[in-house]
Each structure stands twice: as C-alpha cells, then as structure tokens.
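Each of the next two complexes has chain A plus one more chain, namely chain B in the first and chain C in the second.
Coming up: the complex of A and B.
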C-alpha cells in the first residue's frame, strides 16, 4: 500500500532535483556612446532681464553614473510632473536613490559650443534598462587633462563664456567656477531605453533653460555688477557672491539632461 | 452460560451485541478532566488548536444483521465520520468494511449519532473522525457497553494538521480526529505539531519555518543574525512582512536599525517548541503589524511524551558543540519547564562562527475552575556571531575568493534578549478571555560590510549598527457566544517600544568616520478589532470584522536637530473568511484581508521640512502605513483521515508601498505590485508510523506598471518529505526541498537548487541518539543571490555596475546528539 506513494515521491524528487538546477544569469550588459551635446545652449532671458547667449562651456567632470528609475521612484516622478514642478519643493531629484546600472568612469573635460559638433566623451557600460537619471562629479582641471598653464580652465572646475544683453548694452562674460572636488550632481534627467543589440548614443546636454520650471541657468546673476575684464567684457571669479550663487545652480541637476541623440 | 443469543436494543427484542469500540472517544477523558477542573487544557494557546475532541452524546444502536447473527458472525466496521460544528453527523463512509451486512447497519446507526462538538479555543468546529463500530455477540447483555475502557489520550499532544491521534491502550483501535473546519481556518492555514517538528533538521528554531510550504529563508551572515524571509512573493527582508509570535508575544522589532520588523529567533530553544501555527495572508482579525504576507506563531511547551529531565549533548561537523538541559516535570502542564542551552559553532566557512547561550522557563502558576489558568514565561539569550556577507560570483569564478570565504575577517555581531510574559485565560460558558502581558529588553550590534570600498575608497564601507530597545505591551482577546451559531470576537493590542539606535561608518580600525544615524524614539502601537463568527448552518462558517491600528511616533533624531518629531498614523483593515463543506470530503474556503506594516520611526522625520531648507533635492515622501489587500480561495479534500489534499490560490495587491531607504535616508514610494500564486499540498499516512508530505508553490510577483518581476522571490518551491515514527523507538526523516529560479534586480536571475536533509534517531529507555545531516548530497549552492555593486579592491577603478553576489548555503553538515531523559 505504501509503495505507490513512495515511488511517486522518488519520481517527484528526481524531477525536482533536475528542475531545481536552473543556472544563474547575470544582467545583460551593453555599451553606449556618450557625446557632449550642445543643443541645450539656447539664448535665454533671465529673471533680471538679461538676454544671455552662451557660446562655450567647459566643465571638468568625472565618473558618470547612469541610473534607472527603478520601481521606487516612478510614482514620485509622475506626481511631480503632474504638479508641473511649480515650486522648488517639487523639483526633480527623485533619482537620489536611483539605482546605478550604467557608468562612464574616469576624468573628462566636457566642452559645449553653441552650434558646435558633438564631441565624444567615451563609451559607457550599461545594463539593459530604462534610463532616467544621470549622476556625475565635479573636479578641478589640471595638467593631467592636457591643459596648458594658460588655459582658463586649469585649476578650476568650469568656465563659461558668452554674451549678456540688457537695455541695449551687450556684455561679453567669462564665468570661472570652482567647485569642491567630488561634489556630486545627482539625478539629472535622462530618457533612454537601452537594450542589447540596439545601438544607443547619449547626448549629455547643458541646459540654459530649466525644462520643468520657469527658470534659467543664469537667474540671479547681475552681469552689470560683475568685474570688468577689459573694455567689453566682464568676468566672475571664485570667492564672490555671484560666484557662489552660480556655483549652487551648477551643483543642482536642473540644467543637465542626458538625451537620446544620434552619433 | 455463553449462548449464541445476540443482544441488542431493537424493538424486536433481539439484542444486538454491540460492544462498543469507542475509540472515537479516546482522549476525551483527559480533555474532560481538564475542563472539569475548570481550566483550559494545558498548553492551549491563542493559535487555533483542537482543544476538545468530539464527545458522543447520543448513541444509536445498530441492528445486528440477522444473517450474521444467525451465522454467529462478529465484525468491526471502520467508518469515517464527518461531524459538523453543531455536533450533527454530516456524513459517514465505510473505510474498512466487515461485510455480512455489518457495513450498512453501522452506517445507518452512525448517521443518527449526535456529538458534543469538537472545539478550538472554545469554539465548536467541524471534525472528521475515524470510528470503529464493533458487532459482537455478548451473552446476556442487552445494552451497549457504555463502560468501554476509559479513553486515554495519547501522550502526544494535539497537533499535526490539527490532528489528534488517540489510542486506547486496552484495544487495538487507534482513532484519528482531524479538524475539518475552525473559526480561524483558511485554505492554507496549517498547524505543525511536535510529530512533524521532531523530524525536521534544525540548528535553530528558525529552521522550523521551512516546514511551511513556499517559505524560503536566507541567512546573510551566520547563525545568530536574523534571517531573510520570502513568502508568497514577498521579500519580507528581515521580517517587515511576516509577523512572528512566540507564546503569543510579538517578536518583530519595529524600526530596528537593521531593518523594519527585524526578527531574531535564535533565543528560542528548539526543544521547547511544541507547535507552529502558520497563517498565510492577513485573514485573521488578530493578525497585526507586519502580517502582510502572513503570521507564524511558535507555541512553547514540552509534551508529556518528552517530559522528564533531559540532558543532551550535540557534536557536529563545523565543530559544533551544544549542551541542553531540559527539566519538565512529568504530570505538570506542558507550559511548565526549564530549558537551558549553550552552543558554539565555527561555521562552514570563514567569518561564520557563532556562540550562544540561552534559557527559557515557563510555569503554569494556577489552573482552576474559577480563576482560569495563568502561564508565566521568561526567556533570555546572549549571542555573538560572525558576518561574512556575500561574495561576488565573478570573484569566486576567478579564484579571487573561495565560495565559503569572506572578504572581511573583522565583521560580526552580538545579540541579547530578555523576554517575559504572563498569560491568563479563562472561560465561562460561551465566553472566553485571553489576556497577555509582555515585556522585554533587546540589544543588537552589527558590524558588516557588503560593498567593500565602493562608497568609501579609503576607509572602506564597514558600518556599525547598534540599538537597545525596551518593549512592553498587552494583548486581550475575548470571544463571546451570543447564540448557538453566533459569536462575537473582540481584541485589544497595545505595545510600546523605546529604542535608542545608532549607525556609523567605521574604518579598518573600527573608528567612526561618519555618523549615519543617531536617534532615540518611542513608538506606540494600539489596535482594536471586532468581528463576528457566524455559522448559519453546520456546513457554513463566516467570520468577518475589522481592525483598526494606530501608531504614534516620537522621534529625536540627534543628527537633525534637538526637537522631538511626532507623528500619528493609522489604518483600518477589514477581514472576511468563509468556509463551506458541500460534501463530506470537501471543504471550500475563500478569504479577504487587508494587511498592514507601520513605517519606520525614523521615516516620520521629514528631512527638509523647514521653511529655509534647500529644496533643490528631493527630500523624501511622507511616511505612511503600507496596506496590502489579499485574497485566497482554496479547497481541501480529505477522503480519509489518513489522506489530505489541498489547493489554494492567492493574490496580494499593494497600491502604494512606503519604504524607508536607509542609504539615502529618504522615504520612497514603490510602484504598485501584485503577487499571484497557488499552492498545493498532500499529506498521506499510509501506515500509522509513516507520514508522507508534498507541497508545491507557484508565485508570480510583479510591479504592475512596468511588469518587472519583484526581485528575490522564487517562482516556485516544492518539497517532499517522509517521516517515520515507529513504535520500536526508531524515527527518521528525509526532506527534499527544491527552490526554483528567482528573479533579481536589473534583469538577472538567480539559479534554483535542491537540497536533501535527512535524519535518523532511536530511542530506547532513557537514551536517545539522533543524527541529522543537512545537504546530504553535498551540493554547493547559493542560499541567497543578490545583484548589487561592490568593490573589494581598494583604489580605482571602481565599477558601479551591479554584479551577482552569493550568500553560500551550508555544505553537507552533520550533527549527532545523545540525550538521556530521566
């Protein structure tokens, strides 16, 4: 009487033993090109009434991390968008806990030039996923970047140059920014679906206009108050109040975007 | 003179010799004695348990088949009798016929029997019993032998699928009474008794949880650290979605520094566990905080069969040494005992050592008709252990590290606990009251490192977590029978936890270089529930009601400010359970329940809530009570008392899950999830000394928006078990468990595995020798696999890309135990 159940148990045991040996599989990874994309350098009018045209921006950055939205952030993000991010409270940043599944490690000088060509930054390694965020670190540029001693970026973190016009007065400007080495920008928006076998190119953009709120990269800067740098230009140097305002703006993720672009 | 005249009670005057073999009633004497004494049966707990066997209060004599009588034949008919909760006989099936007309005669008579119903915690329940009707020709005897040998309960306690085996020592009959319905029963509810526990390989009482179908446990460190639990598609982490009670006392640690609802069950001495109640899903009214996936309730006590003074010594591979002293006076209540253990184990790999000492003492202070019963319990344990963390699979493949090795040799933990409780139970007529008061002290320290140098390339990522907690609380349960078919259930729960916790990053010299958390808080939980238990007919049972839970937090986050932040949150949880017996062998169930999980206290402190804060970054969502909506439908088929088959389908839906991200210190809201699945099980007892069990659980857990699988939970689990309990003193057990593949984060998949554990034991006189072998085939397997980034080589380059890490499962290990019981 007991033979049947025992035989069945043995049979089932064998089946279970065999089927229980599924192999572990790692996540599928792929590569994607990352370029500096200057499409975000559009002329903007600041809160102080300056029409600002950014010609060139050069940043010393390192260690790009690409993050997927995961399951912990989508609802927050959706909610924020529904609110049109009307106040600073609702600004993006919901990627703070974003899960890093892609990276482009190493030091880089990123140069954006209005109307310029896309400059390759490197090839990122990524896991398959829907990418929604970008993290990176500021650093100080130096000789290891191949910069000459007279290069305006040498010893600094960022240099931006362009023109600011107001009341018929046009001022060329150069903004020289120092940001503590290792300062991390977390949660710059990204939109890209990455699948193995499908070529992808990420365009890393600096935005002069906040895409989610009525604000610009240069809000709060009174170009007329900046130190003169020759007969037709002004310069902002570290240690000034204006510098500190602008530095904080650069440290937030509002003015960066990782776009899907063509190589 | 011994004539052939048959005696009976038929109107025809022909006496039917019906020497009753009332094996059915065996055991009632013991129960009755307990009740006559006014108290509850010893060892009774709030968990569903067959506390009273059915008692025959109307016997219907059978007509002696004329042909058989004429031929002078005698016989015994074994019937399977379904008794409704009102004591009426629903059905009677002949399972061992005697022929010669005895079968029909017996069945006709039994169908006219009436019983005082069986009970679970004072509530009448339906049961199935085996009944032997014996026809014999007795000289000069005109009535059934109402003075059948006094029924005596088998020493083994009630348990095992609510199964009470009762044997008449003066006869060959053995009667099995199996509960077929109960006030708190759902399709998947299960009670695991001492018979099954005794053949489960175990190192700690945690291992008993593995007996529940679909449960997967993962140890992140070594024995001593809390386990990670997977159940019904939930990654309950260290306990956030599984409620655990020990002797009725809630063990989950709210807002533990290492994880919400942290469970450390190492203090439970396995020999003091007499039962484990498994309630999957939050369908019972008394299931509270953390019961989103279900509730496990450990019942403590020492059954009479194991009582005495026992000294046991265990030695094993991995240099395991254990000593146990168990004093359980015979004749005393099951809840009266003293047990103490000391154990050390070097573990099966580096960083897996463990040392633990603990003691538990219980006493039934009184038990009488008027005052009820009072059980006192005190338990305590101290432990220290290593924390080897996980190893990168690619590092193992490259030979960088061994599968059973650890990157760190300085990580470990310590765990202390003291728990006290007093439980009073009393019954008056249709009303019963169960009052529990408990308190305790808890200390936990963990120094671990799962990521190497990923976050801190210079100092390393070691983190030290420490907390002390004082807990006090009370629980009250009352059941009041309003009518024969309607009862009111009410309950009140209260618990207060005062916790001081700290988390720091420490370097290789264990010097702190970053404060992560430094908080003190008081968390208060209050709950009340009320419901009705209604039996509109013997075949139907409806239990419905709702509970209200409220949580108050007073948090002083020393790293944030000097203020005490206060928050109050709550949730309402309706519950409904319906049972129906359309036919004798079938039972159908369906249930709905809302489960809940409180947020962590620290999560109620909103970062950046001040007016002048920098709001350039997300500062976290609001803390909230997470609620889940669960349903279950299933059936049980019990053609005989030796066979039970079951099937249940379940689903759990969570719209908004609030989690506190310890890394970022923010409240995050998970997208909606749904967990669907089914489980099937079988329990067969082909012969009295052999139990065969099998189960299969399928689970599909997904985020409803993306369709991605919820990481960690296996897609299927299965087990096959055979257990021998022979009268010769031999016992043996073998259990094969297979775990299917598990989806991991970022599209990775963890492989499945199968394990075979065996044991054999022999008891003769006072001596008992037992050998347990885990993982008999010596399979190398990863008990847990996780996909995350780590960097174990200081200095660049560091990769943030997740990679699979393994928590090694134990290789083949053996333990030999010699025990002497006097």
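Coming up: the complex of A and C.
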C-alpha cells in the first residue's frame, strides 16, 4: 500500500515550533575531529578457546550521529531538528538512546590497523554537551570509495583479517561481511565533553573485547570450520550460517566505543 | 547541521506559516471546539496485505486484528494535555470503515492547534471496555492479557497457513507527531494508525526492511505441520543463522520473541507520523 507522505506535515510541525511562543535558550554549535582509533584491537581469547589477533578491520560506514542524554535543548532550531531527525528513523526499534545533537554525515571507509596510526575521518558538527552515544549506518563499499576492483572490501560492508590460534594450530583468517545498506548501529558508548572553544577529538574504536561484560567480538566463531583459503588460512564469506551469526555481533553496539583521544 | 533539511523546510515554510501563527493565536481560552481521536488499521488490516508487498510471494488476510488502546493524551508541545483519557478500549480493526477507522474518543478542547498525541497499547484487563470489539473478543483479550491479537490466513502458491497469535506487548507511544487543528466550525482529528506489516518486517535495524512470511510459515512445517502457526512453533524457530531478521542490540534468538518485539512498533499517528515508542516492563 502506498504510504501517505509525512514530510510536509513534519516540516509544518517544525515551522510551527520555530514560530512557537515559548521562551528559549540557544545552544552553541562547535566542531570536533573524528579519527579511527585502533587502540581497541587487543588480542583476545574467545569462548571456544581461540587466541585471536585482529590485524586489520575495514568497514564501509556512513552518517555518524552523536547523541547526548538528559539535556533539554530548548532552542527553536533544536526542536525543529529533533523532528527532522525523527523522520529518518522510520522503523521499529529506532531512535533509542539519547538525542542526536551532532553529526558527521557522508560515506566513509573506516580502517583500524593493530598498532597503526589514527586516521582522520572528518570533522563533526555538534552542540555543546556531554556526549554519551554514537549511532552509525553500514553500507556497501563501491566504486565511489575509490577501491580497486580487486580490493576485498569492494561490494561488501566489512573485511576483518588476522590470526586465530588453538591447540598449536595458527590460522590466518579473512572475514568478508555483507550487511544491508542502512543497517543502523544505535547507542555505541561515548565519553566526551564538548564545549565551544575547547578542541576535542573523538576516537572511533572497534573493540575485540566487550568492555562491560564477558565476551569477545569472535565468540561463537569456530575458525576451524571455516572454508579453507590456502594452506594455512580460512575465509568466511557471505551466505553462510557462520557469516550470518557473526554479522549479528557487528550490528550490536557492544564492540564500538567513541573515546576521548588526542589529535 | 543538516542544511539540506533546512532547505526543504524553507520550501514548505510558507504554506505552514499560517498554521504556526494560528497556533500562537490560540489565546482565547473560552472558545472551544471538538477533538476526535480515531484508530485505523489501513487497508492492510481491513482488506489484507497483498502479495506485492511481500518479498517472498505470500499474501495475508486478517479475520481479526484486535488492539487495546488506553491513556490517550492530546496536547500542544509540552503543555498540559487538553485530553487525558485513561480508559482501556478494545478494537477490531478489520471492521470496514471506508478509511475512517474507529472512534476512540471525542472531547471538547480549546480552539487551537495540537501537535502531540500519546497513547498506550497495553494488555487488556478487567477494566477494558469494548470499542467495537465483540464481547467474545473482549473476553479473549482479557483472558490472555493480550494487547494485540491477530488472526488470519496467509496464502502462497496453493499453500495456506492460518494463525491466531496474541501479544502481551505493553508499549507507550509518546510525542506522536500530530497536527490537529480545532476551530469553532471544524473538529481536530488525530488518527492512531496501526501498521500490520511491521509485525512481519525482516529486520529491526534496517531503514528499508522487507515484509516476509516464509520463515513464519516454516515454523509450522517444522512443528506439527497442521497448517496453523502457533506461538510455540515460532518460539522454536531459531533466527541466529538467518540472513534476514537482524536484531541489532536486541538479544533476540527466536522468531516468537522477534515478532513480540515487533508488536511494540506497530503504532503510528496520522498514517506515517511517528511516535517515540517505549516498552513498559
């Protein structure tokens, strides 16, 4: 059934609020650098006994949203913006967590490399406040990302590579992941106080260890059962049960963190 | 900030400005008009969900689609509600309504513009009264503690599956983006809209989920295969290795828990207008 468009109605609401009668206060807009921060790639031992070292992870992501909790933003623009933001979350389970008051829009390839330097992702625009959460979307990497045809990430959403050792056997692994375009990760934790005039840098981390509960990024994954890839390697490809199970882990907020870091 | 959004806003601003100004001019507290809140399940519930909607070739018709609505509020922004009605009412949204839906309540309110509606979809209790639900339907809702009960038939390529599933969801829908304008001569109307297809969405996290039924149907095939899909059969269907049915942060592992979660997302306002839905423990 064709759904009735609501954009007009919502925008009307926004305009009505913009011209509302309440007394208001203005929040200050500022900027913050966002970098890919690899500090979260620590070796971990999984529930199946594998010692896993993640060397590199590359994810195709877009539209980072920074969220703040427990603070009322009373500016008229804010109220209008909240309505507009809400329209983007048109489906079940969405818009959990705090209010979206910062953003880094656009497509990005985020690369984490163990021991690697921080890589700039861009400059976020945000309001002053205490930031506690991060949302972002998965997408499929494509030609617009400048990837070569043989790049393993081309046509996929994430590629992770490293080594998994157990019982004296070391396996190099490559995990190729497809995640539906627009799949949203909601509520990755963040710790950052943002004030105008005080430069801040957000470090976007992929975590191999859940910082709040027992568990690793690779729990449940039996590397020995993956398809062989050369004499000592294994590969996980889309369309397999192990892929579908591991993908669910990547779609939770448990293994991401937005840290306060240095430029 | 989202400058594209700001540009769109400007496009719509002029026609809306009058409405906004009308909102500010609601100072005559003595003038009253009528506000009506209705509930509607759209053609999907009244006529069925056609095959064209499904990604896997099914179609569905509902024999009953029962919803229990309570705690309806209407307000302007953060102001005190002008309508507060805690009454729990049960409706069968399959009743043909020519697009009008069923009346939930009608109240006299000050003339003006009201931009927020809130309501609750909560389990029926002994206090629940019939909206347009029959006594038998009301009794079943009360007995099961259901907030939502859907019964119907799904068909695909000569295969027919029936279902009768009760959900005990308790969800508060707040901040629904309404636009009710009450004047001396015309009532303001808000329509609580129930989206049946959300129960069958194949992702909790996708911006563009598909509507699917294959896995739901297969639950009966893996169960007693008697043609009737039950909650127990859905609960026995593990979704972790499925390509679809992504759950994001939700620790959901079976199809019944998945559909129960989806049952907390069916409520909207005025068609596609959104609310903030909060599960009540």
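By definition in this document, the second predicted complex is superposed on the first by the 211 of 263 C-alpha atoms of A that agree within 3 Å, B and C clash if a C-alpha of one lies under 4 Å from a C-alpha of the other, contacts with A are read in each partner's own complex, and residues count from 1 in each chain.
Please note the rule applied: a residue touches a chain if its C-beta (ideal position, glycine included) is under 8 Å from a C-beta of that chain, and two chains touch if they have at least 3 such contacts.
For clarity, every value in this text was computed on a predicted model and none was experimentally measured.
Of the two partner chains, chain B is the only one that A:100 touches; chain C does not reach it.
Of the two partner chains placed by the overlay, only chain B lies in contact with A:65; chain C stays clear of it. In the superposed model, A:28 makes contact with chain B only, not with chain C. Contacts of A:252 after superposition: both chain B and chain C are touched.
Contacts of A:167 after superposition: neither chain B nor chain C is touched. By the document's definition of touching, both partners, chain B and chain C, reach A:186.
Shared-chain residue A:129: touches chain B; no touch with chain C. Touched by chain B in one complex and by chain C in the other are residues 1, 5-6, 9, 12-13, 16-17, 19-22, 29, 87, 89, 91-96, 103, 105, 125, 186-187, 248, 251-252, 254 of chain A. Chain C contributes residues 1-2, 5, 8-9, 11-13, 15-17, 19-21, 23-24, 42-44, 50, 53, 77-78, 113, 115, 177, 179, 198, 201, 203-209, 240-243, 246-250, 261-262, 264-265, 270-274, 276-277 to its touches with chain A in the complex. Across the interface of their complex, chain A is touched by residues 393, 615-618, 621, 656, 659, 661, 663-664, 666, 668-671, 673, 684, 686-687, 690, 692, 694, 703, 705-706, 708, 718, 720, 722, 736, 738-741, 744-754, 756, 782, 785, 787, 789, 796-804 of chain B.
Of all residues in chain A, those touching chain C in their complex are 1, 3-22, 29, 77, 80-81, 83-84, 86-87, 89-96, 103, 105, 125, 137, 180-187, 239, 241, 244-245, 247-248, 251-254.
For chain A in complex with chain B, the touching residues are 1-2, 5-6, 9, 12-13, 16-17, 19-29, 65, 68, 71-76, 87-89, 91-97, 99-103, 105-106, 125-129, 186-187, 248, 251-252, 254.
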